Amino acid sequence: MTTATPIVKAEAKDLNFFYGGFHALKGLNMPVYEKKVTALIGPSGCGKSTFLRCFNRMHDLYPGNRYQGAINFFPDQTNLLAEKVDPIEVRMRISMVFQKPNPFPKSIYENVAYGLRVRGEKKRTVLDEKVEEALRGAALWDEVKDRLDDLAFNLSGGQQQRLCIARALATDPELLLFDEPTSALDPIATASIEELVSELKEKVTILIVTHNMQQAARVSDFTAYMYLGELIEFGITDQIFIKPQKKQTEDYITGRFG
Amino acid sequence: MTTATPIVKAEAKDLNFFYGGFHALKGLNMPVYEKKVTALIGPSGCGKSTFLRCFNRMHDLYPGNRYQGAINFFPDQTNLLAEKVDPIEVRMRISMVFQKPNPFPKSIYENVAYGLRVRGEKKRTVLDEKVEEALRGAALWDEVKDRLDDLAFNLSGGQQQRLCIARALATDPELLLFDEPTSALDPIATASIEELVSELKEKVTILIVTHNMQQAARVSDFTAYMYLGELIEFGITDQIFIKPQKKQTEDYITGRFG
Amino acid sequence: MSPENPVMSSTLVSDAPVAVPLDHVSERFVRRRTRHLRETIIEFILLAAALVSVATTAGIVFILVKESLVFFDHVPLIDFLTDTQWTPLFDDAHFGILPLVSGTLVSSGVALLVAIPLGTIIAIYLSEFAPFKVREIAKPFLELLGGVPTIVYGYFALMFITPLLQQIYPDLPGFNLLSAGIVMGIMIVPYVSSVAEDAMRAVPMSLREGSYAMGATRFQTAVKVVAPAATSGLAAAYILGISRAVGETMILAVSAGMQPNLTWNPLEPAATITAYIVQVALGDLPHGSVGYQTIFAAGLTLMLITLFFNVIGHIMRKKFREAY
Amino acid sequence: MSDTAVVAARLQEIRRIIARHKRWDLLFALLGLCALMLGVLTFVSLFAQMVVEGGPRLSVDFFTNFPSRRPEQAGILSAWVGSTLVMIVTALAAVPLGVAAGVYLEEYAPKNLMTDIIEINVTNLAGVPSIVYGLLALGIFVYQFGFGQSILSAGLTLALLILPVVIVATREAIRAIPIYVREGAYGCGATQWQVVRDHILPYSSAGILTGVIIGMARAIGETAPIITIGALTFIAFLPPAPFTGEPMAGPFDWVFAPFTVMPIQMFNWTSRPEEAFHQNAAAAGFVLVLMTLTMNALAIWIRYRLRKNIKW
Amino acid sequence: QSALVKVDGSSTVYPITEAVAEDFQKEKKNAIKVTVGISGTGGGFKKFCRGETDVSNASRPILKKEMDACKELGIAYYELPIAYDALTVIVNPQNNFIKNMTVAELKAIWEPAAQGKITNWNQVNPAYPDVPLKLYGPGADSGTFDYFTEAVVGKAKSSRGDYTASEDDNVLVQGVSRDKGGLGYFGYAYYIENQKKLKAVSIDNGKGGVLPSPETVENGSYAPLSRPIFIYVNAKSLEKPEVKEFVEFYLKNAPKLVKEVKYVALPGKVYEANRERLAKKKAGTVFGGTEAVGMKIEELIKREAQL
């Protein structure tokens, strides 16, 4: 942990979220600090993914979903959830990596270049450069540099997940969202992605959901414990794991839960 | 833990399994004790589900799968994997509950009665009685007794999972297989199912896969740790969790894995 | 202990059960004779049903080949394939199938140029853009297009589309492949759009989420991610459309001119294999004459053409499916 | 440059890009709507034209009269009854056959060359012109099996014609059933047939119905193959209703009766010289589309009811 | 099972037989049922010679191949001409330079040698203006086509191929009525019903132009484009009372009904002769398996008498 006071990159303010009639997030208040890793933990169904997906307005894709409250984004102090903020604009600044690797049915190169092409980049030299940079960033470059035109599906699960990370990195996001990025992976792939997350935080702010407490403990600087749509406790990871303030959190972490 | 020497209900002997060319299980040897709960733990992709699904010959449904070795079933002394054994007979005695609740799009009643109907039971009185018994066994009766004709989909996730357990119980199986039965459930539902498992073992032998070590510790009598298709360690749960024999197992259990 | 032999960390392990005879199968687990018999019979019945379609093809091929053989006794195959005139019923008989083939290909081509883009656009629109209600109402409505008698389409082409096109292009003859093809295309649209829409809706949401998460718009997501991911289903839709186009009869008989004309120009009148077959099959010719037998040779040719496309389509689809 | 300024500049750039892309979105939405409207409007205008032209001919008499040389007296009684009966036979033959074939290919068939061949064969059949089915049926049903020029022959012919569509729809519908439902059923000890009967068929019936609808819509409008196997044009009596008449008709005598169908009547009227017959043709076309519509509406309603209970 | 008379065959003859069947059933109060199909003359003869139908409609005489088929199964038949169809040559109403055409001119237009060459009216006759010539006619599988080619070109089935063909004469009506330089030919009834859209051409067979009309057809002056159409009756079927009654009804009512459906009735004596042939059981065809063009009524009767 660094000792300097961290800068707030984003901040949930009285955030409520509704799946139609179902109240999934209940008055969340939580900061996300710049160039730190913040982990969201909690039992299944507590709303971790729901919370994460608010940050890049993924819920806009489905009808009937409703936000309330704000997620303020800094330094420009934009409320990401405001009506007049275009979700596309939000997603261009905030990238996401999903639980299951979901590469597009395209070549490795095109997968990584996708975000750039979406932004209208056509120059091959620029693309080449950015793709390489992103693949290096995702620790995948050496494995795939000779087969960039291969279909992404031909990669192993762990490689696919790293490809998705490269895809997310290629567009220089300000905030990177991970939703249980290793739950579908074997331990070796998991380890390499955890290592990657630790490296990435030098450049980018990271918010990560995990159901694996060991993982949270290993990679994050801050941890938030959620339960039934509420934020129970938020704090520096070491403190949360060693000396949680709340009985509930302690029970969960020590496995004496239920 | 009971102190009496437990009886072996089933036993894997040099079990190998192949998904086409992929060698998923490598020479497993493991007993399953009667009226005990045996937990399978291990990192994602290590072969827990694959192993479990050998017991009721689920792999027969897909082409290219190959068993090698034996799963001996007692007191019949029959190798469940033998050519001459009818997988349907196997499944009639060994029920399975899946990771995601998978009720049929039928009424609650019909869901539970299905296994009986498959066995040719047509008498309404017998069906009524067995359905009630199974639903009681799955601790669901009180919640649904007035709405047996409702669609199963209208139940909550936890109720659906208990419905699937009732479905599996209705046919008086000798061995009950659970594949991560609570991973899709919220903590309350999880707790109720764990309680159920503890109760069930009075009547039936249980083999349960879980990715949640706390759960394994809570509900099981024996635990097996698998890694990359191999059985690393098997033993009484308390011993495995308190004093594992292998460094690998210890690492995994304490979360220092990777 | 070696990793091959897992640690049995308890004394319990010692009481291993009695050794099991190798291929012993207890009574409880042997196959039930009657049940097995019933299952086998049912499987056999289902197989028989699947073979009905094979038998149908066999029957068709048998009839076509049998009569064609008689035909080819009179007409050398080489003439059939290379002659550029199709006048089998005229005094000066020529038996070159090419004019009919060209008519078939051009009319189908025009139809597909209409149906595939239109059907694809509609499918993309319905699956990615349209509100739920619009989709649920529009789809059955579109499917009705397939239920309008084709003779109505024929007159629609002749009396409405052709005059309309003549406004734009005054030299267009009253009968031509273009308007027949266009109308045929419209008729085929629901075949393409329905199946394609189903295929696109079956694309997992996770791919869409991946694309939107990169900041893509609906259009970019639809065109760059969803459509490529649905390639196999789109191919199925197109193949169904092509089959329907190649097999269509009445529209062409009414509005395309029925004039065997070796041309690749859709602005000209021409005859197609199907239109020719119907005309002769229902006409005055004595059955059994060489003139009458031409329809079997023509039908066989058509079948080979569709078979060619279908095999290609099948191979392509298999390749794409394997990509998943 | 301050941090804020950098971000602001970037934001501006992003907004510019978005604005540009949004134009495409809008354009395509419009294009899609136009394409959709083109299809829908074509149908509506065809339908409207039939109503305008044939509307005046629609009366009770039109439905209860037999064909006649006098256009104003001519009706479609024998035609609509014939079409209805033929459709019943077609449905009774095509649906079980097509569904069974689809089930076999999807649930039973080993994935090998033979399945490939059957698969190609099915799509290939979709492209065979309908008249060729007529020629086949004439040889097989009419003569070989001795069904004669009857409702039965016609129904079976059309059943063969729409079989590919039913098979393809069945397969697609079955594929949409999640694998875990199958596993659940097998897990209960069900045999393959029990799984098919209790689960696969009920849950895929909605999708199967879609295929049946598309197929039946095509079948009800077919002319050529039915003429080939010997449908009549003038017929001024109806097939014997079961257990009526003297001597009493058996329950299935009607399937061997001579008949005509709507599209033949319509086709005949279209090709008559008198203008008044063309109005009859339009009216018949209207009724035909209406029959299709009824069939569709029925199926869409059933499909809706079936789907209501099933969502994966 | 009530008595049933089965008729099938030509679409050209269909309207007449339909009218007869309709009235016949009415008169018999449905005690005798009649069905009429349209499978074309060829398809009709196929069924007829298999003994499946009692009566076959034919827009041309039975041909050699069909005679053989009938003979093989021992099917004897009576050939009864029942009406005239006047093949009418028509042009677009805006065409004001054509009133009258000679058979030679028609031949110049339609003969195979004209294919691709005669594509403008001024090539037919330099007096005609420079207007592209577009041709419309029935398909090469039809009796009308056979008859027209034989009558005009001089040899059955001898025709140019580059014209718009359709089995549906209304399609031809549409074609010519929208094409200023169009010329086509088809049955008289279609002309009568579409006089506003079309203009008939009078045919000059050496004796000045003659327009088709019931009179000119009946008196033989509209030549060579009037052709007889037939029904063929299965001789064995005729022994059944219902078929006998039907055929008698047919011959008796033909003159009236033929007119009603816009065909041209034969002179009364032809129907008389038909009845006589039935009475005397004179089976067979008078055409010997070939097309007979421009045959006068008298000649037809004479030939029949020789049977």
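First chain written, first letter: the chains are A, B, C, D and E, and each begins at residue 1.
Just so we're on the same page, a residue touches a chain if its C-beta (ideal position, glycine included) is under 8 Å from a C-beta of that chain, and two chains touch if they have at least 3 such contacts.
Just so we're clear, the structure is a prediction, and the values are computed from it rather than from any experiment.
Where touching is counted per the definition, the chains common to chain B and chain E are C, D. Judged by contacting C-beta pairs, the busier of the interfaces A-D and A-C is A-C. With each centre defined as the average position of its C-alpha atoms, the distance from chain A to chain B rounds to 34 Å. Rounded to whole angstrom, the centroid-to-centroid distance between chain C and chain D, based on C-alpha atoms, equals 15 Å.
The mean-CA centres of chain D and chain E are about 38 angstrom from one another, to the nearest whole unit. Contact with two or more other chains is made by residues 35, 217, 220, 281-282 of chain C. Of all residues in chain B, those that touch two or more other chains are 88-89.
Residues of chain D found to touch two or more other chains are 18, 21, 191, 227-228, 270.
Going by the touch rule set out above, the chain pairs that meet are A-B, A-C, A-D, B-C, B-D, C-D, C-E, D-E.
Chain contact summary for the complex, chain B toward chain C: residues 5-6, 8, 11, 13, 27, 29-31, 33, 70, 72-74, 76-80, 82, 84-86, 88-90, 93, 224, 230-236, 239-240, 244-246. On chain C, the positions that touch chain B within their shared complex are 3-10, 12-13, 15-18, 20-26, 28-32, 35-36. Residues of chain D touching chain C in their complex: 18, 21-22, 24-25, 28-29, 31-33, 35-36, 38-40, 42-43, 46-47, 50, 96-98, 100-101, 103-105, 108-109, 116-136, 139-140, 160, 163-164, 167-168, 172, 176, 191-193, 210, 213-214, 217-218, 220-221, 223-224, 227-228, 263, 266-267, 270, 285, 288-289, 292-293, 296, 300.
Residues 35, 38-39, 42-43, 45-47, 49-54, 56-57, 59-60, 63-64, 118, 121-122, 124-126, 129-130, 138, 140-153, 155-156, 186, 189-191, 193-195, 198, 202, 217-220, 222, 236, 239-240, 242-244, 246-250, 273-274, 277-278, 281-282, 296, 299, 302-303, 306-307, 309-311, 313-314 of chain C are the ones that touch chain D when the two sit in their complex. Partner chain B is touched in their complex by these residues of chain D: 110-111, 178, 180-191, 194, 198-199, 202-203, 309-311.
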